[in-house]
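Next come two complexes built around subunit A: one with subunit B, the other with subunit C.
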Partner chain A sequence: MAKTVDQYFDDLRETRVWRSIFRSGSGSSTLHRSLAIQQNVFLHLFSTKVRTRMLSFSATWYLGTLTLGTFLILVATGIPLMLYYHPSVPQAYADTKDLQFVVSSGIFLRNLHRWSAHAMVFLVFAHMFKVFYRGAYRPPREFNWVIGIVLLLITLLLSYTGYLLPWDQLAYWAITVGSNIASAVPFMGSKIHFLLLGGNAVNANALLRFYVLHCMILPLTAIFFVAIHFWRIRKDGGLYSHSSEPATRRTESAAKEVR
Partner chain B sequence: MADPKDFAAGIDSNAKKAPRRIVFVTRRTSAQVKAETEDQVQTFPEVLFRAAVAVEALAAILVWIALIFNAPLEGLADPSHTPNPAKAPWYFLGLQEMLHYFPPVVAGVMVPGLVVMALIVIPYFNINIEAEGFFLKDRQRRLRIFYIVAAALSIFLAWFHVIVALVPTLIMAGLMLIASRSSPKSPSAFRRYLAARPLSYWVMTWFLFELVVLTAVGTLFRGPGWSWVWPWQGS
Partner chain C sequence: MKGKLKAFWSLLFGDSVRAFGVVSLVFLASLAIAPSKNYFSEWRHYQRGYLKMVRNRADAVTLQRHFQGGIQQIWLPEIGVVDRCESCHVGLKESSLANVSLQPYRNHPVIPHKLGEFGCTICHRGQGAATTVSEAHNSTLAWEQPVLPAKYVESSCGTCHRGPVPGTPRLNEGRRLLASYGCVNCHTIKLADGATMKPTDNPPSLSHIADKTSREWIYAWLKDPQAYATTATMPNFKLSDDDARDISAFLMANSTPISGDTLAISAKPSSDPTAGASLYGESFCASCHAVQNAAGNVVGGDVGPELTRVGSKVKPEWLQAWLRNPRIYNDGTPMPHYRFNDGQIATLSGFLLAKTDSDLLANVHLDPSTPQQVAHGKRLVSDYGCASCHEIAGIKKPDNFAPELSRIGSKPITQILFLAGMPHTLPDYIAGKIKQPRAFTTGLKMPQFTLTQTQIDDITTALLSLNDRANSLPPSMTVAAPSESNYQPAGQAGKLIHDMACMTCHRINGHGGDMAPDLSWEGSSVQRQWLTAFLKNPNTLRPALIRRMPKFNLTDSEVNQLSDYILAVYQSPTVDRDSMPLSGYPAGQVELGKQLFYGKYSCQACHIVDSNTDKGYIGPTLTQVGSRLTAAWIFQWLKDPQALRAGTIEPNRAMSDEDARAITAFLMSQKGGKQQEAAKK
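Right after this comes the complex of A and B.
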């Protein structure tokens, strides 16, 4: 009898090589499916089970997932963009022009990176407000909320540092306007301004600093906090579901009395 | 733990010989296992599959946008030629709008600093944890505080002619006024809804309202010299 595709996959999963890579073994039992999460270095951040109710679109609008999605797109488009880009003046602008007109699909990469970045900023804000209105910041999830705020700030900084990199008029003056705000900090404003830009005005040093921040420091920091953010969801008892929490149970019973 | 009868303790006298765990079992709060009666599904494959579909749908939309709309690219950066208006990225235009009215130390440092601080401390204050309608408890005192804060904020914003921030503030204050005069047993669903809103809801909604209005005004309605222009007027 001819084998089905599924059976070929099953055979593949039984091979020595596969078993050496994926420690959880094969099978579609609940145990194996739990192990697939638990025994995986990336997936073990998540819990093995999720409340069915939390899968519905209305529960989360998938905003956190989508934010991660934009981040992944930004990494996937950002790395090829780095191959065509020199963080120097005025070469940065010429490289951006080349991406636009010379490099194959360069304009598509840049467009996707740009629009995904805007989408990520929007989604992070949307995620924050959705979490707030669901009341999901309540104990024991306080600290994960704080990590979320940190991630919001990192996202804004990521977007802001990336804004300078094309080195066009739009980039230059947006960063000039923004960085001038740093000068307004009492006592050490000019020092912070100088530290941020590597000079007293937006110049080649600023471009290099923003490039390093944008491509190395901030993404790594973001990944670090995202890992904690996901892990804390599991540690804090999974996605916040309305009725399992005492604070909202009270209002719900109150609402029932009204009816 | 003040009442010694509240718990039973067991301990061995010689810890070196027989290390033991000490267990305190308080009578009122025994070790509690939350009964999880809800339906659950396996993360693999159910949740991961849905997440993948969601991300792929998003990617499809973004790819589509990227194919149609080009990212802006202006001329080479020129420090000697300032565009008018020079605008920050859109998510900072709310702040830039505030900079139009207040000195940088207020609009650029204090306001965002306070916003970030306020966001961080939300879950650490019980008033934000409680989910009861703001005016349902301790009504007289809370009404007084509300009147004072709303009036002070409105006068402050009017004094500096910050009309774009004043209008959302007045609308939110109006809604809170309706809420304070609504009963959770009102026949109107809208008033029942308002009456049940806690303080954290009001503050956050006011913040969201201001954020959206200020960002929209900064993005769409500001032209040369930060003057008011309509989006359909060419700059």
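Right after this comes the complex of A and C.
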């Protein structure tokens, strides 16, 4: 009798190499399944168990996952873009033109990066609205809501810093306006303005500063907070579901008793 | 139908494995769009087309060997050029493609620069980095500079070449027009070398205008300057009748008399037209002044004003005083002081006053002006910036009356308000603005100039050369304009030179006109005897020229003064006039020189030595050259003419010293005496 695909996988999971990498081993017992999640550095952030109903589209509209997806696309396209881009005044604009005109599929990379960035900002907001109107920010998830706010700010800053990098008129004036808004902060506005731009006007220093922020500091910070965000979902009892709330349960059981 | 659709849906997305597979396939297909778009690019299409085109040509093998596939670029980092035009314009450097008219395969016309030297966009504009047709040629949201229309391409020569270049007639003329139409009186134009463009239109002062002309003429002139003189550079301000009336009232009221600038002469203006015409001709008035002939053609020079209707303009007593000595009315006029006697003044003024046009002032009837009109006129004169060009007593010349044009060639499209239906490009805007300045919005002050379409294109070309690149080029890439000094000769002779306005026509030490020879080194080149005779009675040296120096009726002492000054001061540092004798050359050397003159160097092609046999008329006649020029000058001239007069068409024949010395000996033997006597007989 021929082996099924599942059996091949089971055999693979029993090999020494596999066992050295994934320590949980084969088997579909509850323990094995939970170990498979817990003992993996990436997966241990997630709950070992999820209600099937919470995997349906209507429960979350997949907004958080889609946001993560756009973030991954941005990282994946951003790294090749960095190969073609010099954050210097004479080169920056010419490099974006080269991406458009001579780099193989460069315009595809750039557009994918750009549209994903727009989509990510949209999805982050949609995610927050969904969380807010579902009431999922309430205890014990209030800390994760705060982490979400931080992630929103990081997303917006990523979007803002990336805007300057093409070094065209749109970029230049957008950052000029944006940094002038920062200088409206009482008492320390001009200091913030100076710190943001590395000078008093949008110039080479600002470009370099925004590049480092956009490609290094902000993405790493984002990854850090995303990790905490996911980990907290597990610690806070999995994805929020209305029916799992104690108050709902009480009402439901009360209704049953009445009947 | 509905059932079919349902079956199709379940075929594709029936279970999760199918759905995953189908979605993956769709995703993969959409990912393949990017590389395929990359592959089917325009430049590949054109390169394939090029290879197809050259395949059937006789020179196919050569062309195919020269062909290089892939994106081609000219990269000049020091001037910021990345031009990929040759990716599609494959045959630019192939001179054998001269018969191909199909773009993008035409070859480039021959230019003085190598094609790779500056790239393409330096001259043609457009987006050099682009590799698609529309992005490279047109203006897009992210690129404002479209390809420059071919008729304006000379403007790009002007970004590096700050002075006139022989190959750019359009640019040279445009620059000349900017100065000579007085554009730069109102619009400041700072050139890239730091200088400011200077006007050359020499607009007259209006502070004493009542001495010169009537209020009616001013009114008619203000209403339509070209009705008085078709060549007038004064623009039409489109004034209403009332405004013209009030400005004329103000100018008359504001005018102060100058003692001596009107003259009740004893001799009445003569009405003898033949005597007047011949004096007008002998005095070479037409070298500077034009007159419209019966056929409507304007004939004559453009240094002074057109005289077609001068009798309708000037007052007779002013004209006579002006002919006697123009410096009393206007010390800085380019008009020479001719030293005419009373009879000549009567003849000439009679001749000029007869040049009238009865239609010009026929319908002008002005009541005496009121103080309100004068005050209103003064305000209008300030509003329209009349004092930007004309000196007007009591009104200060306004600074920066009109927008500065120093970088107009790089004006961002986004800052421009276009007329409806006008193509949104900078050249179209500039040309449109020159053509109909007032059309753009209401309340604009710029007047209407009378220019032909060619002149408008010339000026547009010159303005387009005033761009950011011109101001940011490394100095090593620029070619400076010949510098114009403000040299003025000193002393008594200097006064004479000023009085006769010699420098209206002659250039001395980098200052002056270009109608007559440069005199900076005249003292090294001519003999005193000839110079004094010439100053007393100028004759023509060049048979091909109609113009010659007019006779100024100088006294002997004035002639001596001028000759002394010229011989002592205007010396070349490289020619010692006394280093070679004026005569006494051995007969053998003279004979050798003659053979060289007629044989080896064939000078008679352009010059005449023996008026019976020689036919050359391009260069000056040399029959009397031995009594005109110094031997040292002739010798140096033969050795290297361009060193003594830059730009002269006399070729440098790289003569040996012996040859040059022999020809000098031959030419110095041409004293002119014999021929003159022969001519008399």
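As a convention for this text, the second predicted complex is superposed on the first by the 232 of 259 C-alpha atoms of A that agree within 3 Å, B and C clash if a C-alpha of one lies under 4 Å from a C-alpha of the other, contacts with A are read in each partner's own complex, and residues count from 1 in each chain.
Note that in this section contacts are C-beta pairs under 8 Å (C-beta built on N, C-alpha and C of every residue); 3 or more make two chains touch, one makes a residue touch a chain.
In this text, all values refer to a predicted model and were calculated from it rather than measured experimentally.
Contacts of A:195 after superposition on the shared chain: neither subunit B nor subunit C is touched.
Contacts of A:168 after superposition: both subunit B and subunit C are touched.
Of the two partners subunit B and subunit C, more residues of subunit A are touched by B. Of the two partner chains placed by superposition, only subunit B is touched by A:141; subunit C is not. Using the contact criterion defined above for the overlaid structures, shared-chain residue A:90 touches subunit B and also reaches subunit C. In the superposition on chain A, contact of A:37 is made with subunit B only, not with subunit C. Judged by the touch definition given at the top, the superposed model places A:223 against neither subunit B nor subunit C.
Of the two partner chains placed by superposition, only subunit B is touched by A:183; subunit C is not.
When the shared chain is aligned, no partner comes close enough to touch A:79: not subunit B, not subunit C. In the superposition on chain A, A:98 makes contact with subunit C only, while subunit B stays out of contact range. In the superposition on chain A, the residues of subunit A touched by subunit B in one structure and by subunit C in the other are 90, 97, 100, 107-108, 168. Across the interface of their complex, subunit A is touched by residues 34, 38-48, 50-51, 54-55, 58-59, 62-63, 65-67, 69-79, 81-83, 86-92, 95-96, 99, 103-105, 108-109, 116, 119-120, 122-124, 128-132, 184-185, 192, 196, 200-201, 204, 208, 211 of subunit B.
Considering their complex, residues 34-35, 37-38, 71, 80, 82, 84, 127, 129-132, 135, 142 of subunit C touch subunit A. Residues of subunit A touching subunit C in their complex: 90, 94, 97-98, 100-102, 104-105, 107-108, 168. The touching residues of subunit A, when paired with subunit B in their complex, are 30, 33-34, 36-37, 43, 46-53, 55, 62, 65-66, 68-70, 72-73, 89-90, 93, 96-97, 100, 107-108, 110-116, 118-119, 121, 125, 128-129, 132-133, 135, 137-139, 141-142, 145-146, 149, 152-153, 156, 159-160, 163, 166-174, 176-178, 180-186, 189, 201-202, 241, 244, 247-248, 250-251, 254-255, 258.
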